[in-house]
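Each structure below appears as structure tokens.
Okay, so subunit A shows up in both of these, paired with subunit B first and subunit C after.
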Partner chain A sequence: MLTLPPFEYHAPMELADALALLQKHAGKVKLIAGGTDLVPNMKHRLFMPEHVVGLKQISELNGVRGEGGFLVIGAMTSIADLARNPRVALLFPSLARAATAIAGPQLREMGTLGGNLCLDTRCVYYNQTHFWRKALGYCLKKDGTVCHVVKGGQKCVAAASNDTAPVLLTLGASVELASPNGRRAIPLEEFYVADGVANTVIEPNEILTKVRVPIPRAGLVTGYQKLRIRAAIDYPSLCVAVAAQQQADGKLEWVRMVISALGSKPHTVKRLEGFQGRALDAATIAELGQAAHRQCHPLTNINVETGWRREMIPVFVRRAFAEAMK
Partner chain B sequence: MGVFGRPEKQLVALTVNGERHDVALEPRATLLEAVRYTLGLTGSKQGCDKGDCGACTVLIDGKPMLACLSLAIEAQGRAVTTIEGLAKDGKVSPVQDAFDVCGALQCGFCQSGMMLSATALLAKCEKPNREQIKDALAGNLCRCTGYTQILNAVEVASGQRSVAERDERPTTQAQAAAK
Partner chain C sequence: MSGVVGRRLRKLDSLKKATGEAVYADDISLPRMLHAKILRSPHAHARIKKVDFARALKHPGVMGVLEGKELPGKYGIIPWTQDETALAVNKALFIGDEVAAVAAVDELAAQEALELIDVEYEVLPALVEPEAALADKANVLHEGNKHGNVTKHVDLTFGDVEAALAKSAAVVEENFFYAGSTHTPIEPHCAVAQYDGEGNLTVWSSTQIPHYVHRELSKVLGIAPARVRVIQPFLGGAFGGKSDPFSLEFVVAKLAMKLGRPVKCLFTREEVFWAHRGRHPMKMRFKVGLSKEGAIEAVDSKILIDGGAYSSFGLVTAYYSGQLLTGPYQFGTYHFDSTRVFTNKPPCGPKRGHGSVQPRFAFEVALDMAAEKLGLDPIEVRRRNFIGQNVKTVNGQQITSNGFLQALEAVEKASGWKERKGKLGYGKGLGVAGSMYISGTAYPIYPNDMPQSGIQVKLDRSGKVTIFSGASDIGQGTNSQVAYLIAEEIGCDPRDCTVVAADTDLTPVDLGAYSSRGTFMVGIACVEAGQKLWALLSQAVGEKWGVSTEQVDASWGTFRGPQVDQQMSFRDAVQLTEAKFGTLGATGSYRTEKLGGDYRGGTIGASPAYSFTAHVAEVHVDVETGQWKVQRIWAAHDCGKAINPTLVEGQIEGSVYMGFGEAAMEEMTYYPSGLHKGPSLLDYRIPTSVDTPELSAMIIESVDPKGPHGAKEAGEGPLHPVIPAISNAIYDAVGVRFTELPFYPGQLFKMLKEKKA
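What follows is the complex of A and B.
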């Protein structure tokens, strides 16, 4: 049995009220969306907020709609609704695929897109009961002073493990963050930072309200591949998301690849400008795979062999493009 | 705050299996703790208590969800179905009947969750194929059966397999035909 620590619960109907509660109880409050990440973490005493603010009643955080040249997805949209949304499947097959690959059916009904983007990073030395962590002497991310993954390391390298983040990065998405001072929209590319303790720039007084994804032009192809131990339910050991904009003649205008579940931040593969103007053929895809492979170095932050996770990168790049061009 | 600095219990109105229960709960009570230890409905099992196993699966507004990760207080105003709610007028549901005749259980610990996931599947898809059944039950782990009898039971419950052939493994033709 894993009991939750005690807290007071609030269920505001309006976003403004939720923001006011965050302000009022600053430092002692957590938001709960689907709860599928927060509840196990609280049961493990990784968080012990005195106040928990539920977002389920706030209707403006729900729903998927078109707005100008964007598809706007509310933060409280469930992963299952995202996975079965026909517009998402049509416009962004890689996003639908990533959503379908998250956890098992019950967790997809409960979990939300906002919660997925704000998912806490994961580590084999962190996602454990208090008893377990105490026996080990804790670690940098929570209550301790050392890292058990990187000996002598001063920075937590727990793994970004959310499936939608790498895909939305390849799609050029942005997120809207609301605070008592107003709203700001930031590209997802600037949302994640390389710090395993808190890998996003979201402030404690902010709520992620929606995700904006630019509606693609003709010629955009997208793909997503995920490595996991049990193909039906597990967190990723490696995520590979790809997107390529092809011109009418089939030549590449740009190509993006994001590799995740290795370090604390989803890694956007750098220096791909040279691929502009090339055909997306087997030789190009093999080179893209090598480029990604060179830039990624998995750590022992999760209990899956690092060699396997690294060697699967070019394989998944190939499979992701094969799927993209089907 | 109540005594010992704990938040006070609150009156929570739960609708479980069509019946309304007004119960006093701490905000931190999970839906699983509420149905098992406050309402005494112990059919929902407490396995891992952290989202891994599916033994605690209940239906919330018809959708399969994990009671161990749900706050009871957030289930207010929603229809909760536990395994105790599947039988109607003293008669077991087709899913329960099929699990029984197929011997789709050994220790039984996973069964209530399995049957609720299967019930949710059949409510939205009358004749699911083998792949769809596997997908729908992916979040329910079973230590004992090896799953074959369970998948067969869902096919029996949906009228796609006769009880006489309940033990047969799916043939390649049967799988192809189902697709």
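What follows is the complex of A and C.
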């Protein structure tokens, strides 16, 4: 079996204690939620923290509840709980659908929403054992100096591969980050950056505590489509999340589309303001699909043909809306 | 006689597996046991200049190290092509090839120590593609091989193929590519060795060939075979991936001998990919000629086989790629030209349906193309070419029973072929394919006149039946089969049998779980041993009742005579018999008869009995995305006689799912450097339960004259037709043909787009 590198495990009961541990062991510590991303990565020697801080015992990170006009989801809520939560299913069918599409049943029980949002970016040249990466000659995300995806590239373009991120982006969610200095809330749109080495703005001394999703008014429709070769236990080759707010007369107030699993940052499709006031009919949806297609260019960071992944964008946009309006 | 054969029974060990009680190699832990890890080459082709253990030996957990020159003896499954050493002595031949080993107090220490071994390599050009390896005369993987980078070239002709093609009404000429795939048994390879103070070596290994491991360990380590014991514990799947001797078996044995402590080595999943021995990639050119009526006049193939770095079973693979194609259809003439080439990649070997799944795919698709040219229904063309029973194939193989027509009819009916074919509308289609496979082989790998399988049975006054079986149960149920067959003969309850299996100290020799030989060969040995015991039992009981032996009957633990009051328990019967004859025991064996064509290589592919299969697949294509789904597969398999129908259905289902995975998503792919693109179960995708199609497994019983109770194989044959049946169904659905595996949806999308343009 692949071994885990040795580390000291901490299981604080309070958020403040967890933050103190992060501070104390700065540079040598990793947080662990469900561990479904971190543990394989440690076995691959992508991370070798001397200290690992578990978040399971901290009760304030758990649970889904309504708060003001928001649905607040604790970072430690398991993906399985998210997938079967009736309020989530009712308010945000696309989020429930994305959660159900993650990994397999056992991993969904272990994995958490916070862990999913903080998922390390993925690349075929990176998520491999140490021996494999050594045979390759490493790459600039870890231990090396070159990128094998963009030859001669100076920037890592490993793929954002989390299924919930694109959906929560279309829903206008924000996240709360706690640090020894207090708490800050930032829109998810500003949480992700286009850097494959670290694609979020979270600081090493911060913990993601909760996700806030505005509770929709009538007329919001949401959809999610995931392209994968295998029907379960398969990271996305392409994610398409859509959300549209319709007025009473059916006209669009706004529409959002996020395409992911292409580059390091989930791509929020730009310049959709012009769709305001239009009916969400077949012609509009086809145009939306074309808009997304124009703006997205898959990379070879995944071993699935890029041309096909791109061609699937308009198809999946259409299917996501069809599902949304069911 | 006793109604065990043919009944649906639970495997004798299934509860043990379900409850976790079963002990697998990795469950074995001995006092003072060390853990070994193997250092592997990061270069696809490199000369090893120097291995320096100085830093590794300073690691506090390290207890010992091992390098290639300490185990220089060559080994390999086929005696004529032994080209492996436990650790590279001179050159490393693929990324992942074994170079050195360490034994340490635990796995972590061993893994850390690997990083501290300094190896100086001289990197050589990597030959990754078979064409390049074939052409390169200067750069030879196995220096001194008189055929350069060729493992084996076979060129056999049966009849005047050219003339037959010339007079054919329809000729199809097409290139096919079958991508390499691997077995992915859920249990990784594991071996534990113990060397005692008396000089006896015991190796527990997750192998499907304990006998060959026994021979090779003895040879390489230089210990008399009588001092070596190989035990195969419970096995978590193999599928041909554990039918070679592997480096770890020699490494743990040598380290245990060197260090005087037991040593274990468990492969990681990645290492299972390096060990490989999976399905060979084959580039195939097929020419198939049919007469106006659809008779197969000529088949001509040229096949380039990508062997990877070592021979493994490659000599046989080269033959099997041609020799096993000549049924269930009559070929007018036949020629095949197959070349297996060494490349700097993990070695290929035997995967379920060894050597013949690839050409079967090509041929069954080509046959569909030819039928289309003639306007013939794909099932009809197959029916017209049926070779029949008790006939010789064009290449001289003797076919005995043959239930192919019934199989074809069964899938035709069950799928509603006649009513539905061509009427499902665009995007939905039906495809058919047939196949034949061996039930063991007349070729015992190393030439000898001794039995291929043996059984010993001990009976005593307790009523317990202990069966000593050399055969390897790798999950397919051989241990249960053995008990059913003995119980059938002697009238005991099969659950009163204890099967002691695959332990070279305790059990008679069996050559192993390969070539689908188990049920047939060990089965015949069981019937022989059982009949010998029955002769004694029926005599003792008959005497007691004053009736003839023919009047004594027994089943499920009860003996009965012609009178109502003549009844006794199996235990009482054994006591009578033991009193009369003394201590009870019997043996049975299977000896290969002389079979095969009268030409060089004619015995390879010769089997005492052949199984036959027919499949229909229904495929629905999502024409917008290229994604396709098998709606259902109807699989009918002629296994001669189902000793336990549930186990046969399990084998049909497992075969179909394995073939489906190869068709849909499995592929061993490499970068030009020779580095595997994703040696893990995440990147190398195999279907999950959500992916696998609905399936109807149907059993056809042709009752073979030679098989035990008429049985033939069921473990490998049913895999063959899945892949061409799916390709043919996709063509029926959308009018484009897959001639290359896997049938990626992205590729189908592209083909559909090109067709539209």
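Quick note on the criterion: the second predicted complex is superposed on the first by the 326 of 326 C-alpha atoms of A that agree within 3 Å, B and C clash if a C-alpha of one lies under 4 Å from a C-alpha of the other, contacts with A are read in each partner's own complex, and residues count from 1 in each chain.
Simple rule for what comes next: contacts are C-beta pairs under 8 Å (C-beta built on N, C-alpha and C of every residue); 3 or more make two chains touch, one makes a residue touch a chain.
Predicted, not measured: the structure shown is a model, and the values here were computed from it.
After overlaying the two complexes on the shared chain, residue contacts for A:39 are found with subunit B alone; subunit C is out of touch. Once the two complexes are overlaid on the shared chain, A:105 sits against subunit B while remaining clear of subunit C. In the superposition on chain A, A:285 contacts neither subunit B nor subunit C. Once the two complexes are overlaid on the shared chain, A:259 sits clear of subunit B and of subunit C alike. In the superposition on chain A, contact of A:229 is made with subunit C only, not with subunit B.
When the shared chain is aligned, subunit B comes close enough to touch A:9, but subunit C does not.
Looking at the shared chain after the overlay, A:308 reaches subunit C, while subunit B stays out of its contact range. With both structures placed on the common chain, the touch criterion links A:52 to subunit B but leaves subunit C unconnected. In the superposition on chain A, contact is made by A:134 with subunit C only, not with subunit B. Touching of subunit A by both subunit B and subunit C, each in its own complex, is seen for residues 1-6, 104, 232-233. Note for the complex: subunit C touches subunit A at residues 40, 42-43, 95, 107-108, 111, 188, 266, 268-270, 624-626, 665, 669, 673, 675-680, 682-683, 685, 687-691, 744-747, 749-750.
Residues of subunit A touching subunit C in their complex: 1-6, 104, 124, 127-129, 131-132, 134-136, 227, 229-235, 303-305, 307-309, 311-312, 315.
Across the complex, subunit A meets subunit B through its residues 1-9, 11, 32, 35-36, 39-40, 43-44, 52, 54, 56, 80, 103-107, 109-110, 232-233. Taken together, the subunit B residues at the contact with subunit A in this complex read 5-7, 26-30, 33, 46, 49-51, 54, 57, 63-66, 68-71, 73-74, 117, 134-136, 138-140.
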